[in-house]
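In what comes next, chain A is part of two complexes: it sits with chain B in the first one and with chain C in the second one.
Coming up: the complex of A and B.
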């Protein structure tokens, strides 16, 4: 099955035990000769606690590429609509070695009450195999159990050998992607108010390549 | 030296799926790859995506897509939509598994409908946003007037899986009136489908086999309305 330039392919799906109950997922050695690489994630959010204390938390996403600081740093820019506001709020922050954005507000605790706090994420990058300067775009949407808790995000993670240096070419192809979930108050779930953020039941992540033979 | 063994991510276009997959992983067995040794899950075996399930070169009245094949995990629907009555291009609900001419979800006991939010902004129509729950659909389209351009995309995830409570959707929609009026607008939204509204019990929502639109005029022209429905993200 030779990959032709006119194909769109799906591969590398994580489902079931490969993602449910886990705080992070990772793809390594991703083929890079696509014109565009998409990373899709659809899932439910869960806050794990064994303390019996339950309080809704902001749910964050941390991503790193190529093992974090190995090839440099990332600038994260984020635009956000959330919690009933019709307007956009714009956030920009510099992060070294990883990129972070808010996913939404989670209100689901433990396995016993699955069912809500659903989200969709898409990351995409053009020409992941090139040595040209690259940025990873993302969009995410999350709707919580509570009606007013809706969040949509759009933004970029820039892959540079030198943070915020203009016209700097990337030294590496893009073939490693790690995404972790984090609650507003992470830590030991045995301690009241501390939560582990994990992927809930039915969560699924997969890769999608558009075109082939592209460098 | 085989270049791809030492730089496995640089060129995969000549590989032949499973047969050549391990070229990137010297000394590894395919069973390791398929058991999560590399990706943390399934191996990198390519499967074609975005299969065209149905299309219409022109439909009249409201959109009415029935008997959607239950063969793919996710759906993507591209469409244009309009009415022939008024400059006031408005929002048009998108409903699933409902009866013809209904702007709310069926009361068949299979679900309570959606739980979500949409945001919109128009040049003259201003801002609009709403949280929607129960049987009132939060998935909308931004319909146009006659031949004014408009564009809509709706994604539904896990549409074919009646065993999952995870069934989110999102949409993006815009319409433009050129210099004929000032009713250009943009809208987007996200939510999920539930059997039990506001319930966290995880009761699965039904598979989706019908997508219909609703508007008060119901007189869209086949000259200006069309759709293309795709399955993506893998076969079930």
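Coming up: the complex of A and C.
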């Protein structure tokens, strides 16, 4: 796919049954001839429980790109601000970390509680078709049903090309992206205090390509 | 009704450079950006090999200017950190947070500004930053600037910048985060004609990249 440099294209939308009720989404074979690829995810977050026990807990996002072999080898940095703290905190994960960042505090349970715990996420990567090492930037905001639980964060995921375990993956083209939601206490939702994390009703994800033709 | 975003320019540095210019803005005439409202988006991937300590000496820092206007008001919140263990919470430092007026450059704070160097412990135990002098280098700083210029009001910018660095000897990482807004009323009735991006105390190394887009947000001509 060759694109004009002044074009902005939106494609690959996931909606309805493609995302609602699911714990993860994945894009494959993404066109790579862009200056900037944006990945947008908006919607609602839910914790699934069948035990009846409901306790708000942190909601995380796990990202996988450049293939499954890269999992666990991300260099990740994250800054977050949560209402109630009123200052920024930073969290970093070292080379053994996952591509993980906090989304917010989730307070919505089951599928009946629509309209709560709304989030906006955006990821972007420059020149996804190049063979140099790449970094994926992210920013997200989430507002829970509790006024005191708003969270925003931003940061960067990166594969370190100067480490043997990541070198090849870091220089491959960026054409796959998987994003998974995870509760603070994952596990069998029949067990009190364990939750599945899923996208709620109205959630959508799509790709946006800006320009193209650079290497 | 807004017009589609238009690609205004791309630069990839072939050699180390302290100053980068964009002069290819919208043409003059009835479509000139002095008459209409515009949004611009600037994305930068900048690389540095600076390994000096941070906070105790002037490290490399970056800044912008539009049309050589030397009067910018800045609100910035910066964090530079090193050697953070995985998942360790760390409150953002008060330095170099700044609210300041009348700076010569956008995103310029009185002393330290939009920084791109590493943390404080540049010693053997923690290791210096990795640098391979190539495009596979790990020290890319990524920055995105949203710039709004309305024909009858001032310039307004918002920036997010982040720089993750790996280190030679350390398993923990160091990084910089920078968030800032800035604006000016000086020269508000003049169309953007030149964007100047400056690396102070150091250079943008070869391989650094810069992109610029523009979007006219009024269509009533």
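In this text, the second predicted complex is superposed on the first by the 194 of 215 C-alpha atoms of A that agree within 3 Å, B and C clash if a C-alpha of one lies under 4 Å from a C-alpha of the other, contacts with A are read in each partner's own complex, and residues count from 1 in each chain.
Throughout what follows, a residue touches a chain if its C-beta (ideal position, glycine included) is under 8 Å from a C-beta of that chain, and two chains touch if they have at least 3 such contacts.
This one's a predicted model, so the numbers in the text were calculated from it and none came from an experiment.
Partners chain B and chain C, brought together by superposition on chain A, clash. Residue contacts after overlaying the shared chain place A:208 against chain B, while chain C stays out of touching range. Contact with chain B, but none with chain C, is seen for A:27 once the two complexes are overlaid on the shared chain.
Within the superposed three-chain model, A:10 lies in touch with chain B and out of touch with chain C [touch as defined at top].
More chain A residues lie in contact with B than with the other chain of the pair chain B and chain C. Shared-chain residue A:42: touches chain B; no touch with chain C.
In the superposed pair of complexes, A:145 makes contact with chain B only, with no contact to chain C. Look at A:186: by the touch rule set out above, it reaches neither chain B nor chain C.
Of the candidate stretches 77-85, 131-139, 149-157 or 203-211 in chain C, only 149-157 runs into chain B once the two complexes are overlaid on chain A. Overlap of the chain B and chain C contact sets on chain A: residues 7-8, 87, 214. Contact residues of chain A toward chain B in the complex are 1-4, 7-15, 18-19, 25-33, 40, 42-44, 81, 84-87, 107-108, 113-116, 118-120, 129, 141-143, 145, 147-148, 150, 152, 173, 175, 200-209, 212-215. Across the complex, chain A is touched by residues 8-17, 24-25, 36, 38-50, 73-74, 115-117, 119-121, 127-129, 131, 133, 155, 157-158, 164-168, 170, 188, 190-192, 194, 196, 198-203, 232-234 of chain B.
Interface residues of chain C, counted against chain A in their complex, comprise 4-7, 10, 12, 43, 45, 77, 79, 81, 84-92, 130, 132, 135-138, 140, 142, 144, 160, 162-164, 166, 171-173, 175, 177, 207, 209, 211, 213. Of all residues in chain A, those touching chain C in their complex are 5-8, 35-36, 75-77, 79, 87-97, 124, 126-127, 132-133, 135, 137, 139, 154-156, 158, 160-163, 170-171, 210-211, 214.
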